[in-house]
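Two complexes come next, and they have one chain in common, chain A, joined by chain B in the first and chain C in the second.
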Partner chain A sequence: MNTAFDTHVRLRDDVAIMDLIGEINSGAGDRLEAAYSEVKRDDKPVVLLNFKGVDYINSSGIALIVTLLARARNDDRAVLSCNLSDHYKEIFAITRVTDFMTVYPDESAALAGSRPDEASQRR
Partner chain B sequence: MPLSPEPPEDKESTVTQSPEPEEVAPAHTLIPRDAEHWSKPVTRLEVGEVPASAININVTGRRVMGPVQGFGKMWQKTYRIGLGRQAEPREVILEWKKNFSLFWPEGANFYGPVTGIAPGEVALLNLSMPGKLKLSTGVLVLFADDEAFTLMTPQGHMFAAWITFTSLEYEGQTVAETQVLLRANDPLYELALGMGGHKKEDAFWTHTLSSLAAHFGVEGAEVSTKVVCVDKRRQWSKAKNIWHNSAIRSGGYMMGTPFRAVARSFRRPRK
Partner chain C sequence: MTRWARKRPTRAHHGRAAKAEDQDGGSFVTVTDFDISPSDPLVAYVQSNSGAVRLSSLELDSPTVEALKGAGIELVIPLISHGDLVGLLNLGPHRSGREYSSDERKLLDDLVGYVGPAVRVAQLVRQQEEEMRTRGRLEQELRVAQLIQQQFLPKELPHLPGWDIAAFYRPAQAVGGDFYDFIELPDGKMGVVVGDVTDKGVPAALVMATTHSILRSDAPRLVTPSAVLERANDLLVSDIPAHMFVTCLYGVLDPANGTLTFANAGHNLPYLNTGDEAVEIRATGMPLGLMAGSRYEEREASVAPGQSLLLHSDGIAEAHNDDREMFGFPRLRSIVAGGLEGNELIDDILSELDQFTGAEWEQEDDITLVSLCRGAGGSAGFGSPPGEIEKSAPDGSHGQLPRDAVVLADFELESLPGNERAAMERVVEAVRELDLPSRQLDRIKTAVSEATMNAIEHGNENRPHLPVRVSVLSISDNELLVRVTDSGGDRPIPEAETPDIDAKLAGEQSPRGWGLFLIRNMVDDMRLSSEGTHHTIELAFNLRKGHGDEHRI
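And now, the complex of A and B:
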């Protein structure tokens, strides 16, 4: 079943948390870009991508994540991620996105800056 | 901290300081429906059988490189052509995968696996370059389903890139699209991109899409091109990628051809 993509931005101290919801495919670009503009406006040095509500990512979706990652790096903003399923941790490792984005098991671990989970340790 | 942050605007109205959403079962506990569409983890690439005439270097044993691992500025290039109502998007992707190399310009050879374009397969590329150089490189099929497929390049390729081919309904017609997310792999390729490489890249995909359209009986349709510089910084820590530069290695291989031929003649068993 296709689920339309949406994202909301929340703030926690120095971190802007982007809750990603639904399918990340080529149609998610505009919404992701709008959400990142919110993050930029708020001027937080760290962005946390929360994949908890994501049920599907295709290759166009991964490309959008990489584009967002590049934009954030261009703005000197760190990008973290959390709540990735094992399947997508593997995809992120294959595509080597994890070379530049630390993957945390959940939001609290990411916010605490605690131990990266296995996906990021493989790199 | 960001070096040049945009001035903060009305925070209250743009970003909500809301509590974390309610705890619900994560959507990802479901069985992934796309597992079969992705390549399995690949540490080092291996090329299958290729014709004897093909130059098979620069691929076997190499790692894949995404746009994150490249050296140069990051570009997103989107090429699109309208196909009218000649075919449904799934038919377009099916035909594109089946005849992938036929749509490429002359001098560019794609030696795909006999099983066709499928996730995890590795294809060899031989590309004619200026100075009669035959550049040997390859691609990994990272993702493939009925609506799209994505190729990822190896170490030494001109670009650290993902190239996604897709077809979709847009404004009442079927369109075919190639989207390339790339960084030049090393400083030499970055220089080449600035000295006509971008134009060649654009011409390559324009030709490919026009040929695909012609395959579906659409002649003379215009290819639209949208180019965005996603990250203008160069990643100097990746300058060492030049060690695997496929143009340098292919050139070295070609220069060594006469010597290898002589060496082979000495190795022939005497009767």
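And now, the complex of A and C:
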């Protein structure tokens, strides 16, 4: 039923990829914050949120994503996303999260389009 | 080939004839789409004289003969099928320049014995194709008109404590322009509309939709029914097609004291059943769209506890039986005086109508009936359904049940973090049999989860022993209602701040606060209400299937 949240960070060139796993609810805050701190330590200009392993996001989870976006914005870091289901694409569009987080269909598309220049233009 | 208007009325049909030359420079003739009036003397002639006819030998005062000669026709051979003349084979001059020989004429006579039936078959096929095309077009138009009409009928009845409201609508085969509506107004009042557009089909449906929209937008803004109708008339009169107009009764009901303030644009007079008799309540005014600057008398009627009102369109009173007698207003009035109310009254009227018209009756016009009954106790307030939560509803569900509701699930959960997901999954299980599209199911899941989370966190303040109750109701296969009720006390529901992501990213607004915003965007309608120590959020989803012609809510 409920799937505990976890995330791992991988690095590809200038991109820190955060693989998100499980459900993003209020309980995901600590892990998300820790993972973002890791991204910050690695000092990559772009962070890619990979939603492939995410099966549920609620409004608390959206608040955590917004918090992450705010931190990235302060750090002048671009945020991309990939592997979102249609439903969560719709939710991110309704909430205007996608105004600040470019959505790609999958990881390779995101990496292909994630050169810092392009990414910062999108930001 | 000349086309023969065999079974048509005697009006003339126009034809075309043309001369041309072949590649060798020889003259030949084509004649196409050349219809002949059945009263033309040529018709009588060829029917009584079999075989090929030389036009030059004919001395008839026939427009057709003149036209054929003008087109260069020399020889006419009647085409016969089963004794009926179905066409004429027309030949121009012989290409050798000589007359047609007797052998050639005999060959033609033999030939037309086969051609006649073949032409008749072709004519029937073409006629059938034309009829199918026409029928298809009419059916398509009918579907469009029905679709428009259904879109503008109320999806559910208003819930007025102490009042029993019933409505019935059944379109005629050709779909007239009937409509009715209930409009929530300030101060707990309710606008009620019954109208009828002259004409039928798509044009009537479009005018109905326009009128409906005008009334909907103006009713809450303008204070008096007469002002609402005057405004609607002024807006309609400039654009409505010349032959069309709209009859419409608009009233404002104050459920607290039973006062109906109303104005009438030429619509049938409503009946007030006082308990002793049915009396017409009258206000005068021209139909909408007829005359610029029309003014509408405004009257007031009082519905005492135990009394009821019936609003109706002329599809009932003007129905005819086989003897062309009209059902009539006196008959309708006497049924109303019989003392039944609400759905029982509507059933009684329809039953009497069935008996009057007989089983084979084809309904002539739309039928609309709206019944407003004030309970013997009376009551107040235009409330949304959860506003009248009855803790001991007979079926065990919370809240007043809409008509035709089927309870798919009704359960309680402890106020523990994460139980919103349990609620979501149980609702998914409950609606599985509805076979909903995945997109709609995802929206339902998010809305239910968010509503339950609000109830746990804000309503019950995460106190596990306080339950969150969830009811799932299917309404006539058209609508799904999910009611989520907390037990958190009688605190008012706080006004939710509209989330603004720019402000959130700038740190001017908390990153949280998306719940209600998400719910609003996932549902087709949402209602919040409080009663005693309970807050209820009702989530409505339009399933948009199973729409029948008859609309009864």
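The definition used in the following text is that the second predicted complex is superposed on the first by the 113 of 123 C-alpha atoms of A that agree within 3 Å, B and C clash if a C-alpha of one lies under 4 Å from a C-alpha of the other, contacts with A are read in each partner's own complex, and residues count from 1 in each chain.
Following the convention adopted for this analysis, a contact is a pair of C-beta atoms (placed from the backbone, for glycine too) under 8 Å apart; a residue touches a chain by one contact, two chains touch by 3 or more.
All of these numbers come straight from a predicted model, not from anything done at the bench.
Chain B and chain C, once both complexes are superposed via chain A, clash. Using the contact criterion defined above for the overlaid structures, shared-chain residue A:66 touches chain B and also reaches chain C.
Within the superposed three-chain model, A:8 lies in touch with chain B and out of touch with chain C [touch as defined at top].
Once the two complexes are laid over each other on the shared chain, residue contacts for A:83 go to chain B alone; chain C is not touched. Put simply, more of the residues of chain A are touched by B, taking chain B and chain C as the two choices. Of the two partner chains, chain B and chain C are each touched by A:97. When both structures are laid over each other on chain A, chain B collides with chain C only at 488-496; the other stretches in 128-136, 254-262, 488-496 or 542-550 stay clear. Overlap of the chain B and chain C contact sets on chain A: residues 26, 56, 58-60, 62-63, 66-67, 69-70, 73, 85, 87, 91, 94-97, 99-100.
Partner chain A is touched in their complex by these residues of chain C: 417-418, 420-422, 425, 439, 442-443, 446, 449-450, 453, 499, 501, 504-505, 507, 510-515, 517-518, 521.
Considering their complex, residues 8-11, 16, 19, 26, 38-43, 45, 51-60, 62-63, 66-67, 69-71, 73-77, 83-85, 87-88, 90-91, 93-97, 99-100, 107 of chain A touch chain B. On chain B, the positions that touch chain A within their shared complex are 1-6, 8-9, 11, 14-18, 20-21, 26-30, 32-35, 37-42, 64-69, 74, 76, 142-143, 145, 148-150, 152, 162, 164, 166, 168, 179, 181, 230-233.
In the complex of the two chains, the chain A residues touching chain C come out as 1-2, 23, 25-27, 56, 58-60, 62-64, 66-67, 69-70, 73, 85-87, 91, 94-97, 99-100.
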